[in-house]
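Paired with chain B in one complex and with chain C in the other, chain A is shared by the two complexes that follow.
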Partner chain A sequence: MSALELLTWARGTGLSLALVIFVFGILLRLFEIFSLGRKADLSRARDTSPGSGWRTIVRRSLPPPGLFKRSPVTYIGGYVFHIGFAITLLFFVPHIELVRGLTGLSWPGLPMQVVDIAAVAAILALFVVLASRLTNPVKRFLSGAQDYFAWLLTLLPLLTGYLAFHHVIVDYTLMLALHILSVELLLVALPFTKLFHTVSVFVSRWYNGDIFGRKGVAS
Partner chain B sequence: MAIDGPTIAEVLRQQGISRRGFLKFCATTASLMALPPSMVPAIAAALENARRPSVIWLSFQECTGCTESLTRSHSPSIEALILEQISLDYHHTLQAASGTAAEAARKAAMQENAGKYLLVVDGSIPLGNAGFSTIAGISNLDMLKETAAGAAAVIAVGTCAAYGGIPAAQPNPTGAVPVSAIIKDKPVLNVPGCPPIPVVITGVLAHFLTFGSLPELDALGRPKTFYGETIHDRCYRRPFYDQGKFAETFDDEGARKGWCLFKLGCKGPVTYNACATTKWNQGVSFPIQSGHGCIGCSEPGFWDAGPFYKALSMPIGPAKAAVGAAVVAGLAAGSAVALRNRSAKKSAQAAHQKVTVADLEKSK
Partner chain C sequence: MSATFERGMNAFKEVLDAPIASFFSSCVHCGLCAEACLFYTETGDPKYTPIHKLEPLRRVWQQEYTLLGKLAKLTGLAKPVTDEELAEWAPLVYDSCTLCGRCSMVCPVGNDIAYMVRKMREGMSAAGHAPEGLVTATTRAIQSGSPAGVKWVTVQAQIKHVQADYGSEVPVNRENVDYLVLMSSWEILNYPEYLGAVGRILNRAGATWTLAEDAYEATNSGIQIGVSDLARELVGRIVGAAERLKVKCVISPECGHAYTAIRWEGPNLMGRPFGFEVKHILEVLDDLRRAGKLKLKGTLDTPLTYHDPCQLSRRGGVYEQPRTLLNQLAPQFREMSDNGVMNWCCGGGGGVSAIERAEPLRMAVFKRKKAQIEEVGVKTMVTACANCRVVMEEALEHYHMDVEILGLTELVAAHLDES
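On to the complex of A and B.
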C-alpha cells in the first residue's frame, strides 16, 4: 500500500468508520448519563441564587482565588493547551474545509503562522503538564493508565499535524495519512475515555452549580 | 548501445544549433538534475561523442498522450532535437513501417543492439486476458518480456506504464499492471505523469549517455532530481497558502488575484513532480498557473485518490451517510440503555424491603 493509498483510505473508509463510532458512542454515553436520573430532591430549594448553574460554567473556567499562585503549572499549562488546541482545530483552513465537507458550515481561518505558533504552544504545554503529572506526587497518585493513554491520543494529532505541515521526518503524503489516522483514533476513543469531557464538561458544571445553588452554597 | 551514424553533436550542428546553445542546454540539464557545474563539460563531451542510442518504444494500454506530449510539445527545441536524434527503431505511432515489416524492425533492433538498447514503454499491461490488448497477434505481456530481455534498461513513460494509470483504476477490468510488476531483473525507471514532462525524458537520456547509468531513483522508481519535491513546495502560489488566502471558486476575486487553489481540490501538497519548476511548453505555464489545481497525475493510483475538486482535507468516503446511520443506531441503542436503566431502577424499588427497628430486634 502506497502512502497515497493509505491517505485515501484514511480520508474515505477510515474517516467514515471513525465518525460512526464517534457519533454512536457520544449518543450512547449521553443517553446513559441522562437516563440514570437523580432521586427526587424532597427538601425545599434555597432560592437565594437563581442561575447558579450557568454562573458555575463560567466560574469553573477561571482559577479560584489563591489557586493560581499555588499551582501555576496546572493552570497556565491547561490554558495554553486548551486555547492552542482550539485555535489549531478550529482556525486551520484545511480543518475548516473538513467541517465544510461534512456539514456545509464554514468560517474564516487564521494565517498558517498563527496556527503554527498555537500548535507548538499546545504541544509544549502537553509535555509540561505530563512532567507535572509525573513529578507531582498527588497528580501521580491520581493518574491511571487511561490518563496517560488519553494524553498520548491528544498529543499524536498535534504532533503528526505539525510534522506534516513542516514536511519533516517522512514525506508529507505519509505524514498527512498518519495525522488523519491519529485523529480517527482520537475520535474512536473519545466517547469511552475521560476525553468525553469535551462533550460533558459544561453539562456537569451546570449540574454542580445548580445542585449547590439548591443547597444554598452557590458559587 | 551506440550504433553507426553521426554523433549527437554532428546532428545538432547540421540543424544549425550553435556551440553556445548546445552548452547552454548541457548547463540547464546539469542544473535540472542537481549536478555540480563542473559536470557540464562532462555532459557536453559525452553527448558530443555519443552515437545515437537505439530505442525501442512499446505502447500498450495507453492513449498516445505521452507520445503526443514528448513529440509535439513544442517545435524545434534542443530537447526535441535530442529526442529526434535517438534511433527510434520501433514505435507504433511514429514508424513508417507497418505489419510484418514493423515487427521485423523490432526484432532486428533487438538483435543488433542486444543488451544495449533502451526500452521505453507507455501504457499498462493487461494480465486478465491476453486478448485484451495485442500487437501483431502478440500479447502485451509476451512482447514486453521478450523485448525487455535484451534491454540495457527500461523506462516506463507515463503513469499507466509506471503505476497502472487509468486502465488499472477501479474496477480495473483488464487486470492492468505497471511495467515494474513484470520486469524484475532490469533497472526500471518510472517517468510518471499524465502526460509526463518532456524534459524529464531528455534529462534521463542525457544522464544515461553521460554516465552510462540511470539517475538516482526514489522509492517509487522516479528520478529524484525531477520528482524530489512536491508541486506545493515549489508553487509560486505557496505564499498565499501560508497567508490563508484561497480561491473559493474558479471565478471569484481570489481566483482572479491568483490565490492558492487548495480549497478547489489542488493535489499539489501530495504530488511529486517538476511542473512548478520546469513548467510546460518551454516554460510558458503549468496547470496551477493557468488557474486549475494539480490533479496529482504523477502519483500511483491518482484516479482512485478521491475527487479532483475536493480539498485534500475533505472526507471522500460515504461519511455523511455513515454519520446518519450512526445517529439512528446511537439513538436506538441509547433508548434501549435508558429503558434498561429505568426498569432496573423500578425493579430495585419494587424489591426494596423496609426494615424497622422491631424487625432488627426480632432477628437478634
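On to the complex of A and C.
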C-alpha cells in the first residue's frame, strides 16, 4: 500500500468508521450513565438555586483557593495543554476547511503562526504533565496503563500534525495519512477511556453543582 | 445485621447511580483531591488519595454497568472485587475519611467524592467490614436511644440541674410548640450547658419549645457506618416525635452530622418530605436575631477564631450565620486561613472519632488544624459541633496546646440581655 492509498483510506473508509464508533460510543456511554437514574432528593432545598449545576460547569475550570499553590504544575500544565489543543483543533484553517467540506459549517481561523505556537505549547505541556505523572507520588500511585495510553493517544495527533505541517522527517503524504489515522485512533478510544471526560465532565460538574447548590454552597 | 460478601456486592450495585457513574467516567487521575485531603497532606501517603478510597466500588461499577467492563468480566480479563480486598479497604473508607467533602469542592471534573464514600459505606457495612467502634455505637443507638448509651433518665437528671440553675421549667412532650429541641450524646454527657443555653435563649425570645422523651438524641451513627435501614430507624424516632407533638421546627443541636442526618438525608431516608422545618441551632439563632428577638449585651474581648464544622458549612450551607453572630459578640474575631466552605476538618468527623484504631491517625492529621490555629495566633476557638469540640479538645491535649474551645450557642447565651 502506497502512502497515497493509505491517505485515501484514512480520509474515506477510516474516517467514516472512526466517526461511527465515536458517535455510537459516546451515545452508549451516556446511556450507561443516565440509565442508572437518580433518586429525587426529597429534602427541602435551602434556596431554589436555579442554574447551580450550570454555574459549576463554568466555575470548576478555575482552581479553588489554595489549590493552585499546592499543585501549580497540574494547573498550568492542564491549562496550557487544553487551550493549546483547542486552538490547534478548532482554529487551524485546514481543520475548518475539513469541517466545512463535511458539514458546510465554518468559522474564521487563526494565523498559522498562532496555531503553531499553540500546538508546540500543547505538546510541551503534555511532556510536562507526563513528567509530573511519573514523579508526583500521588499521580504515579493512581496511574495505570490506561493513563499512559491515553496520554500517547493525545500526543500522536498533535505530533503528527505538527510534523506534517512542517514537512519534516517523512514525506507529507505519509505524515498526513499518519496524522489522520492517529486522530481516528483517538476518536475510537475516546468514549471508552478516561478521555471520555471530554464529554462526561459536563455531566459530573453539573451533578456536583446541583448537589452543593441546593444546600446553599456555591462551588 | 447478618453481613456477607454477597450482601455487600448487592449494596454496591444498589447505590450506584447516574451521578456516581458520571464521576467515575470523568476522573483523569490528576491527584488534586489528595491535595485537598488532610489525610494525605498530613501523612504524605498516596494511599489516602480520596478517589483511591473508592477503587473497589469503581470496579463494581465498571464490571456491572459498562459494556466494556462486562465484556472484560465475561472473558476473565477483569479483576474481580474480593472480600479480602474490601477488608483491606476498610481503613481507607472509614478511618481515613471524615466525609468532610473538601475533595468534592476541588475536583476539577466535579466529582463529589464524599457522596461516593458515603454510598460505598453501605456496601462495606453490608459485607461486614465496618469498624467495630462504629458497629457498637450504632447497635447501642438502636437499643438504648443513644450511641453513647445515654438514657432518658440521664437527660432527666440534666433537666433538673438546668431547672435548678436557671429557675425556668424545661418543657417535655409539649404539643403545638415552635421548636423540638434535640441534643447529641456529647452535649448530654460533656457539655450540659447547651440545654440551659438553648432554653434561656428561646424563653427570652418568647418562643415555645419542648424536649421529647422518645427523641432527644440527634446523632445518627447509621449515617456514619453506612446502614440506611438503621439510619432510617434513628431519624424515624425524631420524625415520629415531631409529628406527634405537632412542632413547627426541629432544632438540630451543635453537631455536624446530626444536621446532615436530619436536614438532608432525613426526608430521603423516610421516603417523604417533612411537614416541619429542620434547622441547625445557628440558623435558629440567626432567625431570632433578624426578628429582633435575640437581644445581646456586652462582648467577649478576647482574640478568637471560628472552626467551621464540615457538615455545617461545606455540606450544609451554614457558614454566614456564625460569622454574623461572632462579629457582633467578639470584636477580636479572626478568620483562619482556610475558612467557611474551604475549612479543614477536625479529623474526627464522619464516625472517625468512634473508631479506636484510627486514633493515632486522627492525632497525626490534627497537625493541619494545629498549624491553622498557630497561624491565626489565638487561644480561644469557637465552634458549633460537639463532636469537633471533643475531637479537638483531645488533640489539643495531645499536642500540649493551651487553647480553649467554646460552643457558639453557649457563648450567645452568656451574652443574653435578660433585663
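Here, the second predicted complex is superposed on the first by the 212 of 219 C-alpha atoms of A that agree within 3 Å, B and C clash if a C-alpha of one lies under 4 Å from a C-alpha of the other, contacts with A are read in each partner's own complex, and residues count from 1 in each chain.
By definition in this document, a residue touches a chain if its C-beta (ideal position, glycine included) is under 8 Å from a C-beta of that chain, and two chains touch if they have at least 3 such contacts.
All values derive from a computational prediction rather than experimental measurement.
Partners chain B and chain C, once the complexes are superposed on chain A, both fit on it without clashing. Judged by the touch definition given at the top, the superposed model places A:Pro94 against chain B, while chain C stays out of reach.
Residue contacts after overlaying the shared chain place A:Glu5 against chain B, while chain C stays out of touching range.
In the superposition on chain A, A:Pro111 makes contact with chain B only, while chain C stays out of contact range. Panel annotation: after superposition on the shared chain A, the angle at the CA centre of chain A between chain B and chain C (CA centres) reads 170 degrees, nearest 10. In the superposed model, A:Leu36 makes contact with both chain B and chain C. In the overlay built on the shared chain, the residue A:His167 is in contact with chain B alone; chain C does not reach it. Once the two complexes are laid over each other on the shared chain, residue contacts for A:Gly216 go to chain C alone; chain B is not touched. In the superposition on chain A, A:Leu28 contacts both chain B and chain C.
Minimum Cα separation between chain B and chain C in the superposed model: 7 Å.
Chain A uses residues 28, 32, 34-37 to touch chain B in one structure and chain C in the other. Interface residues of chain A facing chain B in the complex, by the touch rule stated above, are 2-5, 7-8, 11-17, 19-28, 30-32, 34-37, 93-95, 97-98, 100-102, 109-113, 167, 171-173, 176.
If you check the complex, the residues on chain C that touch chain A are 16-23, 25-32, 34-36, 40, 44, 46-47, 49, 51-52, 65-68, 104-112, 115, 263-268, 270-274, 277, 313-317, 337-338, 341-342. Looking at the complex, you find that chain B touches chain A at residues 220, 230, 232-233, 241-244, 246, 262-263, 269-270, 272, 296, 299-302, 304-306, 310-320, 322-323, 325-327, 329-331, 333-335, 337-338, 341-342, 345.
Only residues 28-29, 32-39, 41-44, 46, 56-57, 60-61, 63-67, 70-71, 74, 78, 133, 136-143, 147, 192, 194, 196-197, 200-201, 203-209, 211-212, 215-219 of chain A touch chain C when the two sit together in their complex.
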